[in-house]
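Shared between the two complexes below is chain A, which pairs with chain B and chain C, respectively.
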Partner chain A sequence: MTVALVLLTLLVGAWLLAVIEAWLTTGRLRPVAPLLAGLSHLGRESILARKPDRLFFETAPVLLLVVAVLGAAVLPLAPDLVIADLATGALFLNAVLAYVLVSLIMAGWGPNGAYAMVGGWRFLGQLIAYSMLIVMPITATAMRAESLLNSAIVESQAGLWNIVYQPLGFVLFFIAAIALAFRSPFDLPTAPGELAGGVDAEYTGVRLAVLRLARLVMVITLSAATTVFFLGGWQGPLLPPWAWSLIKTLAVAVSMLLVGFYLPRIREADLLGWCWKLGIPLALLNILIVGLLILVVP
Partner chain B sequence: MSEAATTLAGARKGRPSILRRWVGQALARNLSCLVVPGPEVALAHGLDLAAADMRIAATPRDATVLLIVGELSQKLDEATAVLYAQMPRPRAILVLGGSAPSSLPQADVSADLSQTELMEAATRLQRLLAEGAFAASPDDFDSSILQTKTEYVCPMHPEVVEDEPGSCPKCGMDLVAREAGGDSDAGEHDENRGHEHHEHHHDHKHESEGHDHHHAHHNDHGQSHERHHGHHQNHKHAHDHEQHQGDDDHEHAHCHEHEDHQGQDHGHQQEPAQEQSGTEYICPMHPEVVRSEPGRCPKCGMDLEPHKPGEDESVKEDVSEHDHEHHHDHSGHDHDGHDHSDHDHDHDHDHDHDHDHDHDSSGFMSMVEVTKDLPRSADGLAMDWLEVPFGPCFPGLPGGLKLTLTLDGDGVTEGQATSLVAMNTSSEEVAVETFIERLAAAMPLAPVSYRLLACRAIEQAAGLEPDPAVERGRAAALERERIASHLGWLAQLGRQLSFVWLTRRAAALQLETQRADREQLVALRPALQSLIARLEHTPLLKARLKGIGALPHGSQDLRGTVARASGRTEDARQADAMYRELGFEMRAESAGDAWARLRQRHVEIMTSLDLVEVAGDPELPKLRAIDNPSGTGEATVETPRGRATLRLTQERGQVVSVELDSACSQHIGLVADLVEGQELGDALVAVGSLDLSPWEVTS
Partner chain C sequence: MVVQAFFVGVFGLAAIGFGVAVFRTASMVRSALALLFSQAAVGCMFLAMQAEFLGVLQIMMMATEMSIMAIFMVMFMMDPGGLGGMDMSHQKRFSIGAGAIAAATAISVALFSDWGPIVAEAPDAAMQTRELGFEMLGRSMLVFETAAITILTAMIAATAVAIPVRQPGVDTGKLDKGNGDKEQEASK
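Up next is the complex of A and B:
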């Protein structure tokens, strides 16, 4: 039951996100558009690139979808609405996200084409850098909760959400989440204007449908993670807990889309330079500040 | 509409069923178009694809409709056939304002170049897709462009290339199949590079091979046929076939054959090691040190490594193949990518063997040896260099421009740009009126400027003095085109940088500007100002453009906006008395990089708007009545991309000789220097910032 509800939430979230994305790009609000797009992908040929690494090529989209769903599995949408409230939930999320890299490297290598390959390797640097900005802000939230249980992290924010308690951590996590979901302005692995789709470039038909769905679910999962770690999770007045989770998650997801809509793609050198030279020291500073707050404020 | 016309030429194989009907309807309501030559050309023609419910696809893989705007040059026509072959079925062809390209099936829908025609064509296309997306026996797509050949080479002796399978005359090994155009004739390619007239164009090796519309380089496949594979002719495979996963879709049996080839490849890789015996000992750092006994290297003192001679050779061979690829074979195939990964596999293989030995002895895997002859990057890393084509229909570059970059990882070691739609000025005699129309039609990104240029040159040849009243209207039309053109460049920049807001906003303003009169243009001023103000304060944009594509100050090759952004006061309008009267004042940036070019274009948009406001309603240049239809004339116009000069001679109302000197012919030569040593993204931004119009390159 819980599994079905979480999966349904992910699908509905992905659909809403696709509607909003198409609205931003075309200026038209068409609720059926994502369903039509999905259906038309199913009806189109699924071309296998020449001399592919078939295993990698076939696995990558599915793996990305699995990663996104696994990540969502440890995020509580309400006190009882979580597939697995692992004792190491916060850590598990970070571990799962590492497989985004595996998936993209496979998608880059699999089709045996230069655009895809460059895209895949670009993401290697991107993920290694930005997963630091995922794990370090999560560490600070776990310090406050004194637990790696995701539900405990939500409960620790009862008095004050982490977005206020540790705003620096929130900003870093939000940026890193966009980078991990490789959405604009961090869409270097796909980069339509530079790599003609990059890792997406060779996928058609059903495989492309899976890949697109996986990318949308990924955004929902990362938004849900932002909600859990920084926006007080399910907490809120009047509405039932699941509704608050959903509203906050969608709000974060839409703001990720908007950031991409209004910004050009970042330069590769800046992407890495800013993360290592600025982001990571700031994340350490965040941990230090949170540590001091925990010691000083009872 | 006849019965036959209800099915698409590019239908997918399948009997009609309810589910397929739904799919057809979904496809019809979700038209994604690959625009040839490019979205910027559609915009310049005033076409609003979004209004016709069409989405612009970044790759042929993602497109249902091949939308061809205007007439295509021969080279672009061929490239388009390759793009079409890469589109998954069901696929449709929509031709606007031109004849259907000769290498493609007949267009499913044709219409004229106008928004109303486009809307109507979209409706017809939707009906066709809804009804005819699936057919029991769809036509195969076959074109001479897509053919390729197989040749047989000895794995040990690259110089042995045969047309037939068999064994190597030197070592007796079985020959291995590969696509013609491999490394062995690289030298020849080199010689032939630049010649565009080869009869055999096979570049699409990819296609050939798995019919699977292979790999990545879609966008340019078209181009690679500069390669000349006159010999090694064996099997010609036609493609368009894809390897489908489902069996209901097999259009062709070729796939299997190809897989066989691959199988052979693998088979052969194992052979050398098995056949060789007798271990040698070599120094991992100094390959010239070879001993029959274990020991130390006399040069560096390292332990010598056991090595089987055969393996050694195979490593060297690999390496030398790389060499060929990287140094000689600049003909732009994608299959470079393939070869490259094939080599990688080979390397892996060799490593495996090394490993085996190494486990027995020293435990050292000789990466040094494997990479010893590979080209080195600036950072000293040995990597495979890939020659990757970008264009002629690449989402981040102007359509018709083909950029060939040698990639070293994500960096560009060298590159060059060519135009596939270059203008040919050595035309036959034509009537003056026809000449004007042709010249304007040949320059889809700046038709007004070239119409004006032709009119002025002809009038000058006829000895007419400029008429101030007429010139004012013309100047207003020219300045309006400049605004629209710069907005089109901004939209293109947005596409290149996935900056969706910019693309939408700039394209919408461009469409509004194109046919606006003075009042309407003046009314657009606040919108233009806010666009510019917003761009100059967009986070990341400055970081993205600043310092990229910097050009030396005062270079004589520079013209127009590119020159003025480098601080060079170069503007044909300064010499024009009428412009002085309008209060024209030139302003120039000085940094000479992509950011300066962006700002310079901003400045020029506003300057042009001021000029239109003073000059009055724009009037399209029309040839004034001329009395003396013979003579020689020369005119210069500051087009949106820079000064263009036209010299022509006319006799009895016929234009007999023409000489055109345009800014883009100069600027395209800057590309090689701009991209060298840059990171890929920066190189593309640098090329994009030149605002090249490949049509305005004279061949």
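Up next is the complex of A and C:
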């Protein structure tokens, strides 16, 4: 039952996101359009590049989708609405997100195309840098909760949400989440207009449909993670817990879209430079500040 | 216990299978990712043995490490895609001998070691994480700190080696030839 509910939430979330994204770009609100677009992909020819690494080419979109769903499996939407509240939940999420990289390397290498390969290896640098900004802010939230249980991290924010307690960590995590979901302005692996779609370039038909769905689900998962770690999870007045989780997750997802909508794509060198020279020192500073707060403020 | 042993066996076989695949393929990326899945299977063995933290950590660390290895293999091998039919195996007799001796040693260590009494019930995952933390920041701290400093030193040294040293009169082959020419003139 819980599994079905979480999967349904992810699917509905992905659909809503696609509708809002199309609304932002075209100015027209068409709720059925994403479903029709998905169906039309199923009817299209799935072109296979010459001399591909077939195994990687086929595995990559499915792996990305599995990774996005597995990540959501450890995030509690309500006190009893979580597929697996692991004792190492916060670490498990990091472990799962590392496989986004594996999936994109496969998608880049598999089709035997130059643009795709450049996109895949670009993401290697991007993820290695920005996964630090996922791990370190999560570490700081786990320090406050004194637990790696995601439900315990939510409960630790009963008095004060982490967005107020550790705003620096929130900002870094939010930026890193956009980079990890390779949404604009961090969409260097796909880079439409520059890499002709990058890792997406050689995918068509049903494989492209899975890849697009996986990217949308990934945004929902990362938004849910932001909610759990920084926005108090299911906590809130009047409404039932699951409703608060959904509202917050959707708000974070839409704000990610808006950031991408108004900012231009960042140069690869700047993207990496900012992360290693500015982001990571700030993330370490965040851990120090949170550590001091925990010791000083009871 | 039987179910656990079954899964430890299944993941163990998977780890060996992917390990064999590392050398059976000519594509460098396939080889690196096969090693990744072999190590991830070892992580799953930890999970089957109820060592949750170690298992998840192993699965996490290997993803980025093996991806980095993949790009290095692509950069340095002459035929990274393996489309030219390159054979990765060489020194076959020596390798088989070394493999057999290593396997025999590992099996005999496993069989003849005194492993102590079998723990029927592992402590719960949260307690394991806690105990691991105390272990790493207590008795084993020196070991881990030594390893960390060694790795950091190697990283700094590798970066330092990679930075080209400018020698007057020597063309380093870099694109900014303007400066090089000036230096050459200055050295004259």
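Quick note on the criterion: the second predicted complex is superposed on the first by the 298 of 298 C-alpha atoms of A that agree within 3 Å, B and C clash if a C-alpha of one lies under 4 Å from a C-alpha of the other, contacts with A are read in each partner's own complex, and residues count from 1 in each chain.
Note that a contact is a pair of C-beta atoms (placed from the backbone, for glycine too) under 8 Å apart; a residue touches a chain by one contact, two chains touch by 3 or more.
Note that the structure is predicted; figures quoted are calculated from it, not measured.
K.L.:
A:L124 contacts which: chain B (first), chain C (second), both, neither?
P.N.:
second
K.L.:
After the superposition on A, what does A:L101 contact: first (chain B), second (chain C), both or neither?
P.N.:
second
K.L.:
Return first, second, both or neither, reflecting whether A:I47 touches chain B, chain C, both chains, or no partner chain.
P.N.:
So A:I47 only meets chain B here.
K.L.:
Regarding the shared-chain residue A:L24, is it in contact with chain B (first), chain C (second), both, or neither?
P.N.:
Only chain B is touched by A:L24; chain C is not.
K.L.:
Pick one for A:L86: touches chain B only (first), chain C only (second), both, or neither.
P.N.:
A:L86 sits against chain C, while chain B stays out of touch.
K.L.:
Is A:A201 in contact with chain B, with chain C, with both, or with neither (first, second, both, neither)?
P.N.:
first
K.L.:
Of chain B and chain C, which one touches more of chain A's residues?
P.N.:
B
K.L.:
Look at A:P189 in the shared chain and tell me whether it touches chain B only, chain C only, both, or neither; answer first, second, both or neither.
P.N.:
The answer is neither, since A:P189 touches no partner chain.
K.L.:
With both complexes overlaid on chain A, does A:G233 touch chain B (first), chain C (second), both or neither?
P.N.:
Touch partners of A:G233: none, neither chain B nor chain C.
K.L.:
By the touch definition above, which chain A residues appear in both interfaces, chain B in one complex and chain C in the other?
P.N.:
Of chain A, residues 51, 112, 121 contact chain B in one complex and chain C in the other.
K.L.:
Quick check: in the complex, which residue numbers of chain A touch chain C?
P.N.:
Against chain C, the touching part of chain A is residues 51, 53, 55-56, 86-88, 91-92, 94-95, 98-99, 101-102, 105-106, 109, 112, 121, 124, 127-128, 131, 147-149.
K.L.:
Show me the residue ranges of chain B that touch chain A in the complex, using the header's touch definition.
P.N.:
Within the complex, chain B contacts chain A at residues 12, 20, 22-24, 26-27, 29-30, 50, 55, 58-59, 61-62, 64, 86, 88-90, 133, 206-207, 209-210, 212-219, 242-246, 249, 262, 334, 336-338, 341-342, 386, 388, 390, 394-396, 407, 409-410, 493-502, 504, 538-541, 543-544, 679-682, 684.
K.L.:
Applying the document's contact rule, which stretches of chain A touch chain B when the two form their complex?
P.N.:
The touching residues are 24-27, 33, 35-37, 39-40, 42-51, 111-118, 121-122, 184-185, 187-188, 191-197, 201-205, 208, 260-270.
K.L.:
Quick check: in the complex, which residue numbers of chain C touch chain A?
P.N.:
Residues in contact with chain A: 27, 29-30, 33, 36, 52-53, 56-57, 59-60, 63-64, 67-68, 70-71, 81, 83, 124-126, 128-129.
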